[in-house]
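In what follows, chain A forms one complex with chain B and a second complex with chain C.
Up next is the complex of A and B:
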């Protein structure tokens, strides 16, 4: 039961002022610096907020002092003030401007393995020299290849389908974008449409998805995932010019997607896929999410890997909001619980109580 | 500059991704030739971006993208439209003014030259990035 509480208005205002005073001023330079120097943090906030707006995500990070759940909440709240103007033409993987595309399952994939921007094989050593005034030595850049990479790569999965390793892609009647099920507007029922599942994973909390995905990987799950394809790319946001009817690109946004592959079981096809994608570049979230996608499709998944469990417990704003609401005044509900506890003690343990009605004391182990 | 590039959508395609301050300065110069410009709307909002899952072929919403858009009309009756990423109403308005100028066939040569310059810069940036990407191609050996 919730009850209203009031009081402490001045203390609340001073508390908020102190919060801001202890974290330093927010300046346009700070916001620009966050956007340029911390793109993966900005991407994480945009992905979980389900809103691509780098400048506002950087502002949210600055305004919240780097508390990511607060930053995501700020961006989601802003999103709710904006009208939905339309639907972009659906993305196709083959048209993404891809800068990183790797596979851990097959080394010789069509188009080759492109590491792109990555720290995968780097030494994780803090560069303490950067703490002082000493500027990092500018190393001479190695000459670049004459030939640029292709921005477009085929899907590894399509090649596997040609080899008979994967079942053909189920055929679906193409939906207009406005007819695709939408978790932000529909009631979510289980089993959920696949569109709901993938949208929920796209906007899910990175930490929550990782925790559940890691539980599967450690052995609570039914599969052993291998990354079939991991892709970082820029996607054109393509719209139709309302006056001429021609298509045009509004600009590019960063997107990432991952597939994991696992043994398909005793029957053909040999392999099955799990899939996830998100706004921004967030590899750990996608590998865990694609693993969970596959777990959720198993006939009898672990209770923590059912669709309902995963979708309900990886929603960043609902989960963090519910958690932190426990620090807000609960005096009446707590007092009520305490009253009940006192009644129980009075009934069963007071001098006036009947011994026959008291529960038998538990035996302790020797 | 070919006529194809002067297609309004292709010009918008290039200029929506061009530096906002340069687009705004260019549009302000055009305004002198266009007479009174009426703003029909100028607002920010969301565009839904959807994708197709490569495992089962399902379409789903990846998320929403913040954009700004503008729709303007000239005294001649010609209309222009602009849209750009982010919350930048002035940039969207500048794009709409340039689009309206193209519709009215005003300043087409200057617009073509400006768009060509911006496109060249974008292609050069893409090529440099893709050469940097090519340098990360890896041939993996197993033993």
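Up next is the complex of A and C:
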């Protein structure tokens, strides 16, 4: 077999080896450590990859040396090779094992405000004592309550619906799972089905969603969000066994969900609701994403908050990949532009004519 | 053992040519539709591959769904077989498919390329897969994809003509560089991908099939064999390819092929053929080795092989 191998191939192999040489070895202990010590990082990567697999996510983080876009790409590329073996049953919010559930809309809510795990009210002080190994780390085990809190909570939105503040939940016939639009396997066209929008937000880049969501919150949006309900929870993933027909639990996954409301949206004077949910716990992403969901549904959103704009530009792998592709050689396209530039210069700036009669050439397309 | 891994079936390797059969089938169907409607951008469910998005994943998906063990593959980037990106894609495709590779455009059955079309005339049965960063030729005048979709449906390309007109008024020439917008089969406007204008005419009535695939933007389109491809031009001001007529390849003396300009410390420049596979053969021939060099799209006097397709430049009288 004739193989067209030349200098380039050796160069890229050496380059990759150098990258890996600059970080420590990847051991099972490291992967275990990442999985157990950095759950929020693992969650962020799993959410953006839309693959719930903490061990693989930890491996991806280790393998990429912590470059999160690379880690997400590793997981997504792995995900795209996996066959779809079945569909889980739909989840309802009330059935979640909720560990944190807060609402900014009311002082107190049915079921109560459950603060749960959070850094919200921590002092952001680096604990320098932990740097040296002479100081034993102080155990920060949370004390156990005398009686456990309820695992299940009603929705704040349900109370608002009873009060007539929110439009009733739209009713439609249940879809067969394989008929639910899937943004990872369908053509993307606009206006997108709601399933595509919510899936795209669920796997969107945290930073990208935050940037666009923050722009809306800061003043480019049409509506002011109120966090109606924010939840961190464990969800039991249930399926019907393909052979026995029995329902069984595949396991538990961390999930989070946010609902924001506004009285200035398209349902005014009723409240308008924005929704987002994702695999893993990622509060900042969901508040921004739920705000964007609300913005995108407005009749005339700001150009940066249209569905097409948000969905295209918050895609973690596409945006990061395209950005770094500009490192690739572009000398052919550049030569093509230079040819025009030289011709324009010779037309307008030839030795015997007055200079500065032509504006700077600007191309209209890349 | 209570670990899930212990209960799962053993990890097996990847599918042939990496993508699963459903994904490949979808790609093939989209390609057939693209061939049936020349120049029409067919949406497809672009899969995530183990190569960064925007680095040729669209072309790669097309190639992976076409490749077989009997394939002879050529991969180039900017015309070069040994460019790091071309090397990486070639390494991946061969690793996943076991196909053979070549640097000779005449030997290849599939040529995946970024930004170039080889200099030797491709023949029937060969497939050229062009990597496309942005499939939308209307992007410069309309950034909203849905609106562009409508414009294509109506063949509403007036704004593109206006852009050309404005260029003539300001600069007395068309200043679009690479990806020169072109009309396929008299109907759909395409971006021919960022190939230089030198390569755009090679698509016209070509014997080979050209597949253009944008992975990030999830659109695939085609120029079927023997299909008209016309760069947008006013009838009195013809489209011009890059003017490199004074440049000669320093190793072979070849002229009238697309060249790389290499700036030198003393302010001068050296020139080399952009098409490294072609250059390799010219050098081998000079050394007396037996090589088959095909007929080229442009002959040694710079004449394009379709007589009358390219016209001498006209500079408009009034401008500015």
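The working rule: the second predicted complex is superposed on the first by the 327 of 366 C-alpha atoms of A that agree within 3 Å, B and C clash if a C-alpha of one lies under 4 Å from a C-alpha of the other, contacts with A are read in each partner's own complex, and residues count from 1 in each chain.
Please note the rule applied: a residue touches a chain if its C-beta (ideal position, glycine included) is under 8 Å from a C-beta of that chain, and two chains touch if they have at least 3 such contacts.
Note that the coordinates shown come from a computational prediction; the quantities given were computed from them, not determined experimentally.
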{"item": "First (chain B), second (chain C), both or neither touched by A:277", "value": "first"}
{"item": "Partner chain(s) touched by A:285 [first = chain B, second = chain C, both, neither]", "value": "neither"}
{"item": "First, second, both or neither for A:305, with chain B first and chain C second", "value": "neither"}
{"item": "Contacts of A:239 with chain B and chain C, given as first, second, both or neither", "value": "first"}
{"item": "Touched partner set for A:252, first chain B, second chain C, both or neither", "value": "first"}
{"item": "Greater chain A contact set [chain C / chain B]", "value": "B"}
{"item": "Touching partner for A:337 - first (chain B), second (chain C), both, neither", "value": "second"}
{"item": "Which of chain B and chain C A:44 touches, first, second, both or neither", "value": "neither"}
{"item": "First (chain B), second (chain C), both or neither touched by A:80", "value": "second"}
{"item": "Shared chain A surface residues [contacts with chain B and with chain C]", "value": "79, 83, 184, 251"}
{"item": "Complex contact set, residues of chain C against chain A", "value": "4, 14-15, 18-20, 23, 43-45, 47-50, 52-55, 57, 74, 77-79, 81-88, 90-91, 94, 100-103, 114-116, 133-134, 137, 139-141, 144-146, 149, 163, 167, 170-179, 181, 191, 194-198, 216, 218, 242-244, 258-261, 274, 315, 320"}
{"item": "Chain A - residues contacting chain B, complex", "value": "46-47, 50-56, 79, 82-88, 90-93, 97, 99-100, 107, 112-118, 142, 144-151, 155, 157-158, 169-172, 174-175, 177-178, 180-184, 193-199, 202-203, 229, 235, 237, 239, 241-244, 246-253, 255, 257, 259, 273-275, 277-279, 293"}
{"item": "For the chain A and chain C complex, residues of the former touching the latter", "value": "1-9, 11-12, 15, 73-74, 76-77, 79-81, 83, 184-191, 251, 306, 308, 312, 317-318, 320-325, 328-333, 335-340, 343-344, 347-348, 357-359, 361, 363-366"}
{"item": "Residues of chain B touching chain A in the complex", "value": "7-10, 12-13, 16-17, 43-67, 69, 71, 79-81, 83-87, 99, 103, 126-140, 142"}
